[in-house]
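Sharing a structure here in structure tokens format.
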Amino acid sequence: MTVDVGVYGATGYTGLELVRLLEAHPNAHVRFVTSESAAGSSLRASHPLAPDLMLVSAQDAPLDNVDAVFLCLPHTQSARIAAAALECGARVVDLSADLRIDDPAIYEQWYKVPHPTPDLLPMPYGLPELNRLRLLGAECIANPGCYATALLLVTVPLARADLFVTGAPLIIDAKSGVTGAGRSAKQNLLFGEVQNNFSPYNIGRAHRHLAEVEQELARAGYDGMPPIFVPHLLPTDRGILAAIYAQVTDLDAAQDAIRQAYACEPLVCALPPGELATLAHVVRSPRAVLSMTPSDGNVLIIMSALDNLLKGAASQAVQNFNLMMSYPETAGLLPA
Amino acid sequence: MTVDVGVYGATGYTGLELVRLLEAHPNAHVRFVTSESAAGSSLRASHPLAPDLMLVSAQDAPLDNVDAVFLCLPHTQSARIAAAALECGARVVDLSADLRIDDPAIYEQWYKVPHPTPDLLPMPYGLPELNRLRLLGAECIANPGCYATALLLVTVPLARADLFVTGAPLIIDAKSGVTGAGRSAKQNLLFGEVQNNFSPYNIGRAHRHLAEVEQELARAGYDGMPPIFVPHLLPTDRGILAAIYAQVTDLDAAQDAIRQAYACEPLVCALPPGELATLAHVVRSPRAVLSMTPSDGNVLIIMSALDNLLKGAASQAVQNFNLMMSYPETAGLLPA
Amino acid sequence: MTVDVGVYGATGYTGLELVRLLEAHPNAHVRFVTSESAAGSSLRASHPLAPDLMLVSAQDAPLDNVDAVFLCLPHTQSARIAAAALECGARVVDLSADLRIDDPAIYEQWYKVPHPTPDLLPMPYGLPELNRLRLLGAECIANPGCYATALLLVTVPLARADLFVTGAPLIIDAKSGVTGAGRSAKQNLLFGEVQNNFSPYNIGRAHRHLAEVEQELARAGYDGMPPIFVPHLLPTDRGILAAIYAQVTDLDAAQDAIRQAYACEPLVCALPPGELATLAHVVRSPRAVLSMTPSDGNVLIIMSALDNLLKGAASQAVQNFNLMMSYPETAGLLPA
Amino acid sequence: MTVDVGVYGATGYTGLELVRLLEAHPNAHVRFVTSESAAGSSLRASHPLAPDLMLVSAQDAPLDNVDAVFLCLPHTQSARIAAAALECGARVVDLSADLRIDDPAIYEQWYKVPHPTPDLLPMPYGLPELNRLRLLGAECIANPGCYATALLLVTVPLARADLFVTGAPLIIDAKSGVTGAGRSAKQNLLFGEVQNNFSPYNIGRAHRHLAEVEQELARAGYDGMPPIFVPHLLPTDRGILAAIYAQVTDLDAAQDAIRQAYACEPLVCALPPGELATLAHVVRSPRAVLSMTPSDGNVLIIMSALDNLLKGAASQAVQNFNLMMSYPETAGLLPA
């Protein structure tokens, strides 16, 4: 069985990946792709390996003809399309931040703009490995941020098992490839600026993904210090590697908690002791890969790696779509 | 003795290099630096290794207080500032294309806009190794294009010695780092687009540097087929390597002509037989490096390498400034 | 139906790609993978995304248990294994240079070593789009070199149609990513040497791929000047872009000849007029992409792009395997 | 006044930088350069921008004719040359690890080999900003490791002012360009392995630079938990950026301590509040750059950036040489 789907914002990096995945998905047929700036041209003009699909503007998209839509749009724009799609009876996977935060006041605090559609909140948070039951058959899912996915895969199992040392800082040093910043022309993302450079940005308590990380950590029972989050821009096109420094009450129990959380998961892999996660483990793969190294002072060093465009965005969106539609969760992502 | 100079357009890649060179120049003192978008902030905000000089807008630049100006401005804007500076008695090195083409009709044909100051034309073309006598003591010099420098260093000596086979195509396959395209935010120059890619652009008879190349080749006596010029964008920040395929009447004479042209030149180096010019020879160096490999069919393969921001722009501008001011030509470029 | 296959030399860049393709191939089952240096460990230790297959040394490979083998071995070693495999009744796709040259004297001239198995020669040259009939059902196929594939796809149709201008040089300026040089540790391939650099090597008449290019060009009727071939090393991991400058007797006929040669080919694509082939068209794709730009002096500028590890090696090997086994030629390469 | 110097191990990345600096140094004349593998050829063959100096083997170096030597040699080899040089009356800056550790037993513990010349120990540790008085006029100086320099510049002022929270982990997440690993051919340093990748290595308590970091921290009065050190390999050629997460008793006092330590230092720069250190601040510069960001839980996030080949090796060696010889400390590094 195949359903018709639409992709809004198809010419960005995430949109292109998503279309590529959906074109190969056994149960999806891409019915339309949208772009405001490139409407009227083929998606192939946006990338030479993309399929030859004609782009339309969002308002011309035949929303009535699809069963589900994927929204790769800027925040605030996304929520409005989500509302319209749900009204038409289409299911929605929203890859923007709009539907991730349950409380519109917290959304406004981080995104500096009133929430465009507070009536839609809360929506289920689409991190299947941690939240699968809320996603099965859902009408609408908020797809997590790329950094947030990398961090929550590590911290939620520790919080659920109550293994964090109370009062100790939770330090996260993360590095992302450039596509995480989108495809809009900005001087600081030019090749001449990024090549041969490496730079921190929005460090400490400033990055917006903290909003969803803290919400989901609280839901998991975490009541410790707010995480210290230090993202950096890597001179690579894709991939996130985050080093999480967690002081835990029991190093063995902490490793077990993480290992058991993903023991049966096809798309999250905890490496054997002694191996370290790297970008090479995850780039162009729908899997997240974790490694754990116990150190002095009950500090567990956890490396969390994923492809920001896949497990951090497009392939996780496909997981969520599969759960919505009751397809096998890895359909279109792993060989059957 | 020191003279005061100003740099217009100091926040671009070429401007930054030029300020760096002038700050270390024994006879120059940078009196002002301009930027329209960043006026009021320090040049250091444009690059962390730049000197802490306050940027002013062009109209606020104290033109009366300087002996010479360097113009790193877009074409059409540059010529107007050049005219104003010359009227104030300041000497001018113009790094834009505005003053390179003797004939305003040809300028308009290539640049698709009427020449802004046809009265200023013609100006001496600032390629010192080929044209030094016209530059000594000049009031105003048109600094050549980066590709044009790489190509003319090879082809002018062959044309002067009348060594090209009549009627044979002159093929030039050139590759440039990304800074050659400037520092303005454009999607096709984003890291995510350039990394892992390599792409030709404006190939055949389309690139604007052909206008000055053809003018200077004609001046050198070339009357063969118009050059076929195929530029490519390299995933590097800086450097040009051009392969010139010249059918010559005498392979030995051709090599001699090039070797002798630069035998006494400190800033152009012809490598010994068997060595090949590479970007590593020239990046961050004010020297151009050439290599010659004779091949079948009387084809001489000449590699011409230079740093597009130095010998292709800023350091050549300093050579021209030195010639204007009767300083040693390599002052500020090579150890005394 | 599925056949068992073995891959010799699986830990190099080409071997890894080939195993990845074969693991996803609907008709192949990888029965063994070999490595001399890594025998006894898992292929995954050679790359974290490789399948978990145990490596054996070549002499321990169960040659009797497979229907076909792929040889990703250094030249001279490869031919000997090919002979042994054929004796065991296994079919062979040899990705080394050993079986590409019909005449052992010419092999010795270019490879500086006597041919190890002259009795095996000649073998069919595995460029399916140019040579399909000789490959269908073959017992053994010599898989072409990566540069050779890029060049022959362009030049053979022109030679067959007798469109080259007699006596004019045929100039080929080619650029390849680093994996084309293999995965052995060599100083000149270190990141610190290649990054920010771009360098020609083995230029003129020196590169070994000229041996097979000239042989196949001659077979296609070419009797012009030997090609001038100028390869360069790009700071990218994969991809070849070659610019071929062909003086032709008729620009329209030449474009037609190339366009018609691939009109029905799923794995070679001639772009519409005005578009230029780039690495972004081909990296991680089994397709070669060509573009044609007519220029002055009856010079046709043809860009030929392919992924050196795929159409230049592993995916072409799968095409050849498919032809050998009478599977659809794109099985395992394009969606069914 | 000029003194004659020799550089041992001149063909590695550090050696090449050092020769470049010394050639431009107003008081040094490079009398010899050594290499075991390239003896008899010119240094220029090792890098096209290097000076044309003939390489000799170490045993042929005219040690009697120089006033000082720089040792860019592997550990164990270096100490033996240091002993010989000192016996000949030449001063020594040793860039290897051999003379950094006061206690030969600790050396053996980390380097897994008995110390080759225990009689030479201890030697002054050449981090001028922290240790200048011990270096002035010294006969021999142990030049610090690149990571060690980045870490000690941050942690020693905090330790001296006793600002670390007792019992809290000291977490250091560091990233280095590839030249930090040397210029020997190793598969894991190939362009094809490093490009598009980012990987941790030797994490926790494994990296050898911890030996000298702990020694110097102890000397500064630190008695807290041993640092947790997590280095990563960046896909850049040069530069280190380390994020140090220090729990301090007083955030203001900690920032003051660091700021005051370098207030008068020309080669270490603490950025103003709100600015973040990046690789772009330091690559190809002899300066280290620090930034400080206070965060929750009394965690001070300090970014420490330097060029691993300069402040992390060659330019720091020149600082030490200058101190030895009573030249201005920045001679040859900054404009006079």
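Going by the order they are written in, the chains are A, B, C and D; count residues from 1 in each one.
Assume a contact is a pair of C-beta atoms (placed from the backbone, for glycine too) under 8 Å apart; a residue touches a chain by one contact, two chains touch by 3 or more.
Quick caveat, the model's predicted, so the values are computed rather than measured.
The chain with its CA mean position farthest from that of chain A is B. Counting C-beta pairs in contact, the pair that comes out ahead of the other among B-C and C-D is B-C. The mean-CA centres of chain B and chain C are about 40 angstrom from one another, to the nearest whole unit. Separating the centre of chain C from that of chain D, both taken as means of CA atoms, is a distance of 46 Å. For chain C, residues touching at least two other chains, in rising order: 193, 196, 235-237, 278, 280. If you check the complex, the residues on chain C that touch chain B are 167, 169, 171, 173, 175, 193, 196-201, 203-205, 225-226, 228, 230, 232, 234-239, 241, 243, 245, 247, 276-280, 283, 293-297, 299, 301, 303. Those residues of chain B lying in contact with chain D across their complex are 24, 47-49, 196, 278, 280-281, 284-285, 289, 335. Looking at the complex, you find that chain D touches chain C at residues 13, 178-179, 183-187, 189-196, 235-237.
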